[in-house]
Each structure stands twice: as C-alpha cells, then as structure tokens.
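In the two complexes below, chain A is the common chain; its partner is chain B in one and chain C in the other.
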Partner chain A sequence: MKHHLILNDLSVAIGDAEILKKVNLAIPYNKILAVIGPSGCGKTTLLRTLNRLIDEEKQARVSGEILFKGKSIHQIPLAKLRKDIGLVFQQPTPFPMSIYNNLAYALKYHGVRGKVNLYRIIEAKLRLCGLYEEVKDHLTMSALKLSGGQQQRLSIARSLCVEPEVLLMDEPCSSLDIHNTKIIEDLIVKLSQHYTIVIVTHNLQQARRIADCTAFFLEGKLIEMNNTEEFFTNPQEEETKQYLQGLFG
Partner chain B sequence: MEQTFEKLFSILSTIFTVISVVLLFLVIFFITQESMLIFQEVNFLDFISGLTWNPLASEPTVGILPMILATFYVSMVAVLISLPIGIGCALELAALENERLKGFFTSILAVLAGIPSVIYGFIGLLVVVKFLEKTFRLAAGESILSGGIVLAVMVLPYIVSSVTETMEKSYKKYKETSLALGVSKSYMLRALILPNAKGAILTSMILAFSRAMGETMAVMMVMGNSPILPKLLGKGETISALIALEIGTAGLGSLHYHALFTSGFVLMMFLIFLNALFYLIKKNLTEHLE
Partner chain C sequence: MTNFPLRCWTVLSTVLSIGLLFFLLSFVFIKAQGVISLNFILAKPAGFPVGSAGGIWPAVAGSLLVTLIASLFATILAFFTAVYMVFYCRDDRIKLVVNLIIQCIAGIPSIVLGLFGYAFLVIKLELGLSILASGLTLAIMIFPYIQIRLQKLFLETNKQLLEASASLGINRSYTIINLLLPMYRKQILSIITLASGFAMGAAAPVMLTGCMMNAPVPESLASPFMSLPYHLYVLIGQGISLENAYGTAFVLMILVLLLNLLAAVPTLLGMRGKR
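Take a look at the complex of A and B:
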C-alpha cells in the first residue's frame, strides 16, 4: 500500500454551503503534503473531516469515502481514529495546567500508567520538539506561562504523545514570528521521517520550503496536486498559475 | 442641546451613585451606633461568647454564641449538601450542546432562585421536617439539618450559575483540542474542566455561604428557634431568626433592643468579611488567569 490516506469523491456541506466538492486525493506515507489556497477554500474543513472533528457540527454532511490505511475511517472507533490522526490547531492551545500534565492528559486516558512510563514518553516527545532543554526544570510550571512559540511546540508534542501516524497541522505558524516559524518548520521536516504530515498554510514560501507535495484548493475543489518542485516551477492549471503569481488570494 | 443633555446625564448618574454609597454608610453607621450602646452594660467578649440568652429576666444575660454557632452550622450544612449537586449540575450544563435544553434548565434555575423564601419555608415544614421526624423518629423534626436542607435548595442556583459560567467558557475553549487527542467528553470534564474550575467553585462556596447566613424566613420556619447550642438533629436559632422574632416585642431603648441590634451588627461584620474574602479571591484568580 503506497498511500496512508485516500479520499474518494469527498464532499462536505455545512448547512446549505458546499465546502468541499468531490475531492479525490491520495496522501503518501511519511511525506509532507502542503495544502494551499485562498481563505474559505475548504482547507481547514478538509483537516477536520479527516479526523472526523467535523461530526461535532450538527449541520455538517459528509459524503464520499476516506480510507485510512485502506480502511474506511467510519469503521475505526472514534477515539482510535483521533489518536492515530492528530491535529495541531492554528492557535496554540495549552490546557490551563502544568507542562507535564498537558502532556500526560491524553496519555492517561489512553491507558498509559505509572510515573516512569509517563515520564519516559513525555521526555522523548519534548526532546523531539526541541523543548526539553528549555523546560526540563519547569515541568510543573503552568503551560500558559510559555512563550507563543514554545506553546505551539508543546501543542505538537502533546499531539505526538499519543503516537499518531498522521499529523494534521492547521497553519501552525500563523501566529508566530520568523524565528519560531523556522524552529517549527525544521521540526516538521524532522517529524516527516516518522509521521505523515498534512499542513495547511497560507504561506506559499513555507509550502515550497518544507513540503514534498503541494495541493491547491479553490472554492472547495482540488485544482492541482503535484510534487512541490514540479508544482511551483511548472503548474499545469491556469488557476494555479494565477494564484502563484498572486493574481488573487 | 446635545451637550447640556450629556452634562445633565453625568450629573444625575453621579448623584445616584453618591446616594447609594451614602445609604450603605448610613446603614452601617446606624446599626453600629445603636449596637454600641449595649457595651456600657455588657463586655463585647461576654456578648459573643455567652451561652445564655435571657434578656427579659430580672438579671438579664445576653450571650449570642449559640446563635452564632447555629448560623455557621446551618450554612455549612447547606453548602455541603448543595455543592456536589451544584457542581454536577454545572458540569452537565456546561457540556450540554442542545441550546434549547440548556435554556430550559437555566430558566428552571432562575425560577428556583425567584421563589419567595416563605414558600421554601412552607415546603420545608411540610416535606423536610416531616421526613426527618419519620426517618429519625424525632419528637420534632425542626432542626439544623432541616434548615440546612432547605437552605441547600435555596443557594443551589447561585452555585450552579457561577460555576457553570466558568466551566462553559473553558469547555468551549478546549473542546476541540481535547477531542482531537481522541479523548472522551466525560474524561475531559473530569480531568480538565473540573480542576480548572477550582477557583470558581471556591468563590461560589463563599457566595453561597454568605447567602445562607443572611437568609431569615425559610430557616426560621424549619429550625425550631431555641437559643441553645446547636446539634445536627436538634433545634437551633440563627442570628437573623433571633432578630426577626424578637425585635417586635423588644422595648425601644431597652437592653433587649440594643442586644438585638448588636447581634445584627455581628452578623453584618461576618458578611462583610466574607464578601471581602470573596472579592480578594476572585481578584487573585482573574489576575492569575491573565
């Protein structure tokens, strides 16, 4: 099996508004897929549909098929699906508790017991996100006291704690400065060795810097997807060309 | 024209503000003045630590320790009963996503808060007191416990509304993040929303406690009103009940009259202290959150 996630004719409507229209997309293992497009083109909805967070909206209707490792996501128990497909939000959302408890929160729910086991996982994920050296002496400090960049890395570490296979990221750098953006981008590239990453971004340069493949959405339709180099140097569709030239968006 | 109106409006609102502040100080001043007179005859410490209340005897004694204790006791029982119910209610309401159902429950609570005290006392007398008489085979069911139960129902809306507000906010804020980790809603409520509401729970406790301490009518109807040291299943009399029951028969300017005013003064001081505590904690919490 070459693809981690496969979308077949995926459509999503919220109330009367059609957000995604018959999207067909295959996401390969351990690669970074950047999803770009103007505001309101359905990028965020796409991510929320993949881990079924969209189901929390009463008015949402989803049709078509999403296969996770060849199996429909509706056949996978919700808790398991969301554990396997993590989501990092645009705004860092540390819980109002200590750094340690932020990371232990979901671990405890998913059955990890014992201080030693918890600490081992937490330390490993903090190290992976390059946060361990900065916070190792302050694990009991409130996570709200961390800087914005640290909070976002903590959010990523928290998602990684439950060992997802896929990590969805919704503009994870949009509220960060250049320095922190660089740190997170390096982290994403590092993570792609072990995880499949789908990142929504407004920043074309960012997509170009880090993504293996790039997909362009416009008004709920997938216009074009290709490997990043090819996508930016030789776009096939007229809309893509115009978007890349900054004619709209 | 516009300007004169603006000016008039600002002058009027200043006047009304001043009036309400002045009123508060007048009340405190008046009560203090009326109560201080008693200390020409009794020592303050004897007054608040004395065990007998007998202002009409030929050698009158006025000690209000039993009433102070009964007031605290019945309020504590009320808060202890109503806190777990209130927190449970608040958790349920905060996580309720059906807006119509939520509105329905919220308005039920508002109605509960709007029922006159005397009606609560009436129902307490018919239901709670009778129930205690049967269950514990008491000669009389009027007791601290029945007062506590009736008060618990009365302070419940305050606890629920102030705790729900905080819980609702954090539920909305963290719901998606928590769900995205594959965690169930009930785990989220237990491990995130509840601990995060500690401060709100503490302040709601203080608020409920001070409400309970000041409540008069309902407690008076179900507590038996004997100025004796309170026991859970025995009679007791709160400070407010003492004043309400006796002020009508106390001769103007008599020791009895001043003793009742002083009791009111003591109650008022407790409540002012509790309110100050409430604001301090609340201020501390909001600063902490920012």
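Take a look at the complex of A and C:
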C-alpha cells in the first residue's frame, strides 16, 4: 500500500452550494502535500472532510469515498479516526487552561494515567515542537499568555500528543510573522519523517519550500497534482499556469 | 440634533437609578435603626401577636435554606437543558418550541406558581407544607432565569475550541465537563448567585407551600419554615409591628445585596487579572 489516504470521487455540498466536485486524490505516506488555490475553492472543506469534522455541520452532504490505509473512513470509529487524523487550525486554538493541561487534556481522555507517563509524553511533544526550552519553567502558566507562534506550536504539540498518523494543517502560519513562520515550516519538515502531512496554504512560496507534492484546487475541482518541483517549473494545466503567474486568486 | 440632550439624559438616568438604591436602603435603614441589632437577627420571634417582639433568626435561616434548595434544583435542570439545547439538539423546530416554553415559564406570575406548588407538590405529591415544596416551587420560578443565561453563555463559545477538542478524537461529554465547565466556572457561579437573590426575595411562591408565621429553624426537608419576605408581609399586613417589619426588610435587602455583590466578585477579579 503506497498511499495513506485515497479520495475517490469525493463531492461535498453544504446546503445548495457544491464545495468539492468529484475529487480524486492519493496522498502518499510520510510526505508533505500542499493544497493551494484561491479563497473559496474548497481547501479547508477538504481537510474538514478527511477527519469528518464536516459531519458536525447540519447541512453538509458528502458523497464518494475516502480510504484511510485502504479502509473507508466511515468504517472507522469516529474517535479513532480523529485521533489518527489530527487537525491544526488557521488560528492557534489554545484551551483556556495551563500549558500542561492543554496537553494532558487529550492524553487523559485517551487513557494515559499517572503523572510520570503524562509528563514524559508532554515533554517529548514539546521538545519535538521546539517549545520545551521556552516553557519548561512555566508549564502551569495559562496557555493564553503565550505568543501567537508559541500558541500555534502548542496546538501542534497537542495534536501530536494523541499520536496521529496524519496531520492536517489549515494555513497554520497565516496569522504568524516571518520568524515564527520559519520555525513552523522547519517543524513541519521535521514532522514529515514520522507523519503524513496535508497543509493548506495561500503562500505559494511556502508550498514550494516545504511540500513534496502540491495539489491545485479551483472552484471545488482538483485541477492538477504533481511533485512540487515539477508542479512549479512545468505545470501541465492552463489554469495552474495562470494561477502561478498570479492571473487570478 | 446635538448630542447634548441625549447624553444628559443617559447620565441622569444612571445617577437616578443608583440614587434610588441608596435612597431606598437609607430610608429602610433609618426606619429600622431602632430594632437592628445582632440580637434581632439571632433571636426567635416573640411577643403576642408573635413577631411584635424578639427577632427573626428562623426567618433568616429559613430563607437561606429554601434559597439553597431552589438554586440546587434549578441549576441542575437549567444546566442540562442548556447543554442539550446548545450542544446536542440539531432540530431547529425542537429548539424553537423549548425556547418558547421556557419563556412561558418565565412569564408565569409567582402567585400562580405558589398555587401550583400547593396543588401539585403539597397535596398531590404529598410533600406537605414543607421547605422542600417551597424550594421546588422557587426552583421552577428561577429555572428559566438560569437556563436562558446559561444557554446564551454556551452559544457564545468559540466554535473553533469545540472543533479543536473534537479533532483530538474527544467526545462532547468530556469536552463539556473538562473544557467548558472550568472555562465558564466564574460566569456560571455568577448566574446562579444572581438567581438565588431573586429566589430569596420572593414571598408568593412560598406562602402557600410551606412558609409559616411562626416556625423553628427547619430540621428536615419536610419541616415547615419561616422566610424573610413572608415574615415581612405578615408583620405589615396584620399591623403587628411596623418597626420590626422595617428591620426585617433591611436584613432581607442586605442579604440580597450581598448575594449580588458575591455574583460580581468573579467579574471584578477577572477585570483585575486582565489589566
């Protein structure tokens, strides 16, 4: 099995609006896939469909098939699916509690017991996200007091705590400055050794810097997907060329 | 039109409303100052007719206890109704109907609630004239007050926090208990405290369901009891002692005021924390 996630004829509609139209896509193991496209082309909806967060929306209708490691995501218990496919949002989403509790919150739910065990995992994930040295003496401090970049790294660390296999990221750097963007980008590249990453981004340069493959969406359709170098130097489709030249979007 | 008249009127209204509270408090205090003492608060009513001498301790204790019972029952019911309405109910028609019903409950005159409490709780359910029957009747009265405010509070929750929690594979119950409850602890306590003040001041729902002219501090949930607003009503209504009535009114007002101040404490502390 080469691919971690496979989408077959995936269509999503919310109310009367068709957001995704018959998308066919295969996402390989431990690679970074960048999803680009103009606003409203369905990038975020794509991520929300992959971990079934879209189900929370009353008017959403999903058709087609999503296979996670060869198995339909509807055959996997919801909690297990969302644990395996984590999602990091555009805005950092620290919970209004201490840094430690932000990370222990999900661990306790998933049955990790004992202070030593909790601390071991929390320390490892904070280190992985390059946050441990910055916060190790303030673990009881409210997470809301961290800077934007730190909050986003905490959100990533929190997602990693439950040991996902796939990490979905919805423009994780859009609210951050250049310095913090660089830190998060380096982190994403490091994480791709162990995790499959799907990152939605508006920043073409970012996609080019970090992604192994890039997919271009326009008006709910997948126009083109290729390995990143090929995608940017030799786009096959006319729409892709125009988008890369900044003619629309 | 210039800004001046409207601005003047808004400032005047604010000053008037604050002034009214001080005027009311000092008016009652001046009238009551002859009887107000620690002994008045801590002694049993005495004299003939009863209440013309002695103190009001059983009424103070009764009021506090019946308020506690009412707040407890109302909060449990209101909390879970609000949680259902915001986090579980997906059918807009059900939401509409439930909201309408709750608003209707809020509009029931308190004396009608008293009558219902008497007919249903005291007679039909055989609770007897008791502090439990009164507490439950008051609970019905303050339930919509708490429910509507809790529902509004929950509706304002940042959707992304809930989604972040869901994205960790966590179910709603755990999210509500471990994320929302701690997050809203202060506001929830504030809402309950304010509602308690409302319950403590009500006479109509308790006078038909368990409140007595003269009773000792209740020993069990089945005991009848005295309450401050009803005691006040009897003292004035039957012309027993105007001075003691003012004394009772003053103590009741101070208790309600204290509850309201208590409700404001978390907000005040929060403001200090943010600065």
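In the analysis below, the second predicted complex is superposed on the first by the 249 of 249 C-alpha atoms of A that agree within 3 Å, B and C clash if a C-alpha of one lies under 4 Å from a C-alpha of the other, contacts with A are read in each partner's own complex, and residues count from 1 in each chain.
Keep this in mind: a residue touches a chain if its C-beta (ideal position, glycine included) is under 8 Å from a C-beta of that chain, and two chains touch if they have at least 3 such contacts.
Values in this document were obtained by computation on a predicted structure and should not be read as measured data.
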Is this a clash or a fit when chain B and chain C both end up on chain A? clash
Which partner chains sit in contact with A:R113 here, chain B, chain C, both or neither? Use first/second/both/neither. neither
Pick one for A:V162: touches chain B only (first), chain C only (second), both, or neither. both
Chain A positions within both the chain B interface and the chain C interface are 51, 53, 56, 78-84, 86-87, 89, 93, 95-97, 105-106, 108-110, 155, 158-159, 162
Help me check something: in the complex, which residues belonging to chain A touch chain C? 51, 53, 56, 58, 78-84, 86-87, 89, 91, 93, 95-97, 105-106, 108-110, 155, 158-159, 161-162
Within their complex, chain B touches chain A through residues 170, 173-184, 187, 191-192, 195-196, 289
In the complex, chain C residues that touch chain A: 90, 160-161, 163-171, 174, 178-179, 182-183
Note which residues of chain A are touching chain B in the complex, please. 51, 53, 56, 78-84, 86-87, 89, 93, 95-97, 105-106, 108-110, 155, 158-159, 162
